[in-house]
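Note that chain A is present in both complexes that follow, paired respectively with chain B and with chain C.
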Partner chain A sequence: MKELTESLRQEASRLLREGVEVFIGYAAGSLQASARPFFATRPEEAAELVFNPFCVHNLVKYLVRFPDKRTAVVVKGCDGGAVSRLAEERHLDREKITVVGVPCGGMLERERVLAQLPPATRIEAVEERGNTYVLHTARGEYPFEKKANLAAKCLVCVRNNPVGVDLLLGKEAMPVADPERDPLEGVKAVEALPAGEKAAFWDRVFGRCLRCYACREVCPACSCTQCAFEQAVPGWQQGAMWVEKAKNLPDSYHYHLIRAFHVAGRCTGCAECERVCPVRIPLMLLNQKLAKEIEALFGGAPAGACGPLCAYAPDDPDQFA
Partner chain B sequence: MPVKENTVTNANAWEPKIVAFLCNWCSYAGADLAGVSRLKYPANIRIIRVPCSSRVNPQFILRALQRGADGVLVVGCHPGDCHYVTGNYFTRRRLTLFKSLLEFVGFEPERLKVRWVSAAEAGRFAETVKEMVEEIKLLGPNRRLQDSML
Partner chain C sequence: MDSKLLKKEKLLPLLDELRKEFLLVAPVEEDALLFYRPVESVAEIKLGSGRSVVPPKEWFFPQAESLYRYSTEGGGLVLEETLAATPAVLFGIHPCDLRSFAVLDAVFLQEPVDRYYTLRREKTVIIGISCTAVCPECFCSAYGISPVEGTGADVHLSEVGAVYMVEVLTPKGKELVARYQEFFEDQVAGVAEAKEARKETLSGQFTVRVTVDGLPAKLGSLFDHPYWEELSRRCLGCGICTYVCPTCHCFDITDVCRGFEGKRFRCWDACLFRDYTLHTSGHNPRHALYQRLRNRFFHKLKYNHDRYAIEGCVGCGRCVALCPVNIDIREVIATVRGLGE
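The block that comes next holds the complex of A and B.
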C-alpha cells in the first residue's frame, strides 16, 4: 500500500503542476480506520493523499461539481463505470478529466476492523500480504483476513483492476472474489420467499427509510438536474408532489421503487447507495434484481447511452399479448 | 329529480376500483366501440385517456394504487400498430420490468395488467375488463400501498 500511496502522490503533484485544477482523491479520515474525500488544488497538497482499504467512497460524482475545471479523480475498479455513465449522459466532459485508476484488493468493513482493534489505536500503515491486510499500529500488527473482513460487495467483486482509465498506478491486483459465492444470492433468496414474506420483508426494510435521499445524492446514475421527487410545481399543482415530505410507508415504497426503476439499466453497480444508507436498506437487491431481469429479458439487444429502457426490439418478449 | 338508488344488490359488497389508462388511438376507440356495440362489462373501471400507452409513467401506477385503486389496467395498441410508430415498444419493456419489480417487493402482480387492444377489438376490451375485475375480486382490496389518509 505504501508504494501505491507514494506513486499516487507523485502523479497527483505532477498533474497539478501540469494544469489540473482539482485532484480528487482520498486523505486519511479524522476517525480511526477511515478515509475521506480530499480535493487537492496545489501540488504540495498531494502529500496528504492516501490509498488504503478504507477508501470506500466513489469519488466520481464529485466531478459534477466542477464542470468548468480541469480535474483528475482517483477511481477503483468498481467506480470506473461511473465516469463513463456520467460522460455518456453529458454531465461530464471526459476531455477535461484525467481518470487515475488504482488497483484494489478489496475494502475492509470498518465495523469489523473497529471490533477487533483496541480502541484509540492509530493505524500507522497498511500492508497487503496476499489474502490478508496487515494493519501496523503502535501496539503491534493486526492481520485481517480478506475473506472474513471485506465489505460484502468486495467479496463478489471481479473488477479489481479499473479499465478505461487514463493512468493506471501500482501493480495489478489479484482477484479476491470467492468463485463459489453467487453475486446474486441475496436477490435469489428474496425471490424464493412466498409473496407474504416478501411483503413483510420489504415493509420492514422500507419502514425504516428516513427519506434522507442519500442514496440518490451519491448515485452516479441519479444525475437529473431536477429530481422527479423535488420538482418545483406551479401553484395550482402544489399538492401534486410525487411523495410527501413526511415519512410514510406507501411513499417510501413509491420512492424506492421509482429510484430503482430510474437507474434500471444504468446502474454501474458501485453499491454506494447501500453504503451511505444510514438505516442499511439493502438497495442493491433492487438494483441487482432489475439488472438481472434486464439481462434475461432484453440481454442481447444493443442499447444506447441511456440504457436498455430507452431502446426496444420488435421481438422483445411480450407477456401482454 | 330523485337520485336513483345504487344498483349494487348488496350495499355492503365490496367492489374493486380499477384505474384504466387507455391509449387515445386504439384502446380508447376500442372501449368506445364496446360501448357503441352495447357490450356488457363491469362498471368497476375508471378510464383515463392518454395519448399513448408509453405516456404511462410507472409513477402513475403507484400513485393510483396509493390513492385508492385496487388495480391498474394499461391498454395500448398492438406492438407495431402504435400511432407514434414505436411508443408501445417502450411501454412493453418498461412495464414488463416494472411488473417484475412489483412482484419482487411482494406485491400481487395481478394488480397491474397490461393488454394490447385495437380500435376494432371491442370484445377483447370487454373481456379484459371482466377478467381483471374477477381477478381483483379474488385478491380483495388493496391495502398494502394505500395512503393512510384515505
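The block that comes next holds the complex of A and C.
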C-alpha cells in the first residue's frame, strides 16, 4: 500500500500548490488498526496522508461544510457515488471539487484484526498480497485473508475501482466480492422470519437506539439543512415534532422508518450509518430492503444520476402524491 | 473497613437472594454489547470484565425520565408528581464508573438537591467489582483511580483466584453484608496481598500514559487557540461521546401533551448538538461546531474541576472507543499540554 500512499501524498501536495484549499483524505489514527479523516490545507501537510484497509470513512459528507472553497476529496468506489448524487441535488458545486479515486481491495473489519493481533502491537506497514492483507509489525507479519476478515459490505462489493472521478490513483484493484455470498442474505433472513419474531428482532435493536443521530450526521444522503428531527421548538410545543425528544421505543421506530424512507433511492450503500452506530443497529438491512423494493418497482426505468425516485417526467402516468 | 470473602460459586446464589428483596440491576449482554439492566433471573447476568456501552449513570439519571403529569380537564389544573424509586442493588460497577457517581453527586446533590436523582441514589446499594483486564482505551489511572479500588461502592468485590475479596465500605454495605452473612466467610491471609499484586499487573497494562496536572489552568489560556477549529473538522457533531460518557449530565426538559393531558419529562442532551444552546431569538452563542466541541473538552477537563473540585472525566475510555472519527481525549490532553499560548 506504500506506493498508493506515496502517490496520494504527491497528488495532494500538487493540488494544494495549484489552488485547492482543503484536501480531504485519511491520516493514521491514534488507536491500533485505525485511520481518521484528515484535512490538509498546506502542501507540507500532505505528508500525513495515508491509504490502507482501515480507511473506512466516507469523506464525501464533509464537502458540504466547504461551500465556498476549492476542495479535493479521496473516495473509494463505494463513496464516490455520493459526490455525483449531492451535486445532482445541488448540495455541492461539482466544479469546485477534485475527486481523487483510490482503487480499493476492501476494508478490514477492525474488530477481527484486534482479536488476532497481540495488544499494543504497532502496525508498521500494510501489504496487499493478492487475497490477503499482511500487517507488518515489530513482532512479525500477520496475514489477514480477505474472505475471512473484510467488512461485510466489502465481501459483496463490485465497485472496487471508483468511477466518475477526476483523478484515479494506483493500479486497478482486483474484485474482492465473494461470489458465494448473496448481497441480500441478511435482508432475506429477516424477511423469512415469522411476523412475531420479526417484530421481536426490531424491538430489540431499535430498543437500544440512543438517538445520538451519528447515523444521520455521517450519512451523505442525509443532507437536509434542517432535519425533521431537529426543529428547535419550546418544550410545550413538542407535540408539533415528528418524534419526541425522549428516547422510547415507538419514537425510535418512527425515527428509523423516516430515516430509511428519506434516504431511500439516495443511499449509495457506503454502510457508514451502520459502522458509526455505537449500539450496532443493523441499519443497512433497512437501506438494502428499500433498495431491493426500488429495484423491483422501477428497476427497468431510465434514471439519471439521481436515481429513479427523483426522476421527473411531465407525462408520468402516476400522480405525484 | 471490614473485609470478607465470598466463594465464587456463591456469587450467583447471593445475587439471586438479593433479587428477591431488591430490584437487581446488573450487566447483561445483548448482541455482544453490555448494558446495565434490571434482571429477572441471575442467569441473564454477564460476569467478567468488559465495559458497558451506556454507562451505569443511566440507573440514577435515566436517558428519559418523567417529572410530573398534568391535566387541564374542565379548566382546572391538576399536577401529579411522578417521583418514585424502588429499593435496588446496582451490581458489577467498575472503579471508573464508581468515581463517576461522585462527579454526578457534586452536580445533583448540591442545594437545591435534585430529588429524582437523590431518591434513586438513596434507595440503591452499589456493589462494585474490580477490573481483571485493562481495555486499550482505558486511562483511569490518570485521575488516580485504581482498577481494583472500590471507592464509591457500598460493597466491593475483587476476584482473587477462586474467591472474591469483599470490602465493606459504607454503613449501607455493612447492613447488606450482615443481612446476608451466611454467604460470606472470614478473610484469610494472602488475599489482600493477591489483590495488591493484581493492581500492579493491571497498572502495567495501560497502553497510553496520560498526565493531567495543571490542565485546568493551561486550558484557560487556550480558549481562542486555533487547535479547536482544527480538531472539529472531522467531528460529526453527534451525540455518541456525551451519551456514552459516565459523567455527562446535561439534560433538556420538554412536554408531551395530548388534549388536556400531558407529562413533563427530562432527557439527556448533548453539547455537540446544533440546537444545544440555541436561543429563542435564533441566536446561538455556540453556533460553530468547534465551539461546541471545545465546550465538551473544557467541561471535562476544566470547568468541572473549577466548579466542583473534581475532574469531569474518569478515564473510562468509552468516548475514545466509540467516536466514529477517532477524536481521542487522551490525545487532546497530550496536545493541549504541549501547545504554546
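We take it that the second predicted complex is superposed on the first by the 294 of 321 C-alpha atoms of A that agree within 3 Å, B and C clash if a C-alpha of one lies under 4 Å from a C-alpha of the other, contacts with A are read in each partner's own complex, and residues count from 1 in each chain.
The rule is simple: a contact is a pair of C-beta atoms (placed from the backbone, for glycine too) under 8 Å apart; a residue touches a chain by one contact, two chains touch by 3 or more.
Everything numeric in this text was worked out from a predicted model, so none of it was measured.
In the superposed pair of complexes, A:Pro317 makes contact with chain B only, with no contact to chain C. By the touch criterion stated above, A:Phe39 is placed in contact with chain C alone, chain B being left untouched.
By the document's definition of touching, neither partner reaches A:Asp93: not chain B, not chain C. Within the superposed three-chain model, A:Asp166 lies out of touch with both chain B and chain C [touch as defined at top].
Using the contact criterion defined above for the overlaid structures, shared-chain residue A:Glu141 touches neither chain B nor chain C, since it reaches no partner.
Contacts of A:Pro308 after superposition: chain B is touched, whereas chain C is not reached.
After overlaying the two complexes on the shared chain, residue contacts for A:Glu3 are found with neither chain B nor chain C. Once the two complexes are laid over each other on the shared chain, residue contacts for A:Asn248 go to chain B and to chain C alike.
On chain A, the surface touched by chain B in one complex and the surface touched by chain C in the other have residues 248 in common. Within the complex formed with chain C, the chain A residues making contact are 29-32, 34-39, 57, 62, 65, 114, 119-120, 204-205, 208, 210-214, 217-218, 230, 232, 234-236, 238-239, 244-248, 275-276, 278-280. The residues of chain C lying in touch with chain A in their complex are 30-33, 35, 53-54, 63-64, 136-137, 205, 207, 230, 233-234, 236-240, 243-244, 252-258, 264-265, 267-268, 270, 273-275, 278, 280, 320, 322, 324-326, 328, 330-331. Those residues of chain A that touch chain B in the complex are listed here as 190-191, 193, 195-202, 228, 242, 248, 250-251, 253-254, 257-258, 260-261, 264, 286, 289-290, 293-294, 297-298, 308-314, 316-321. Across the complex, chain A is touched by residues 58-59, 62-63, 66, 78-80, 86, 89-90, 92-98, 100-108, 114-116, 144-148 of chain B.
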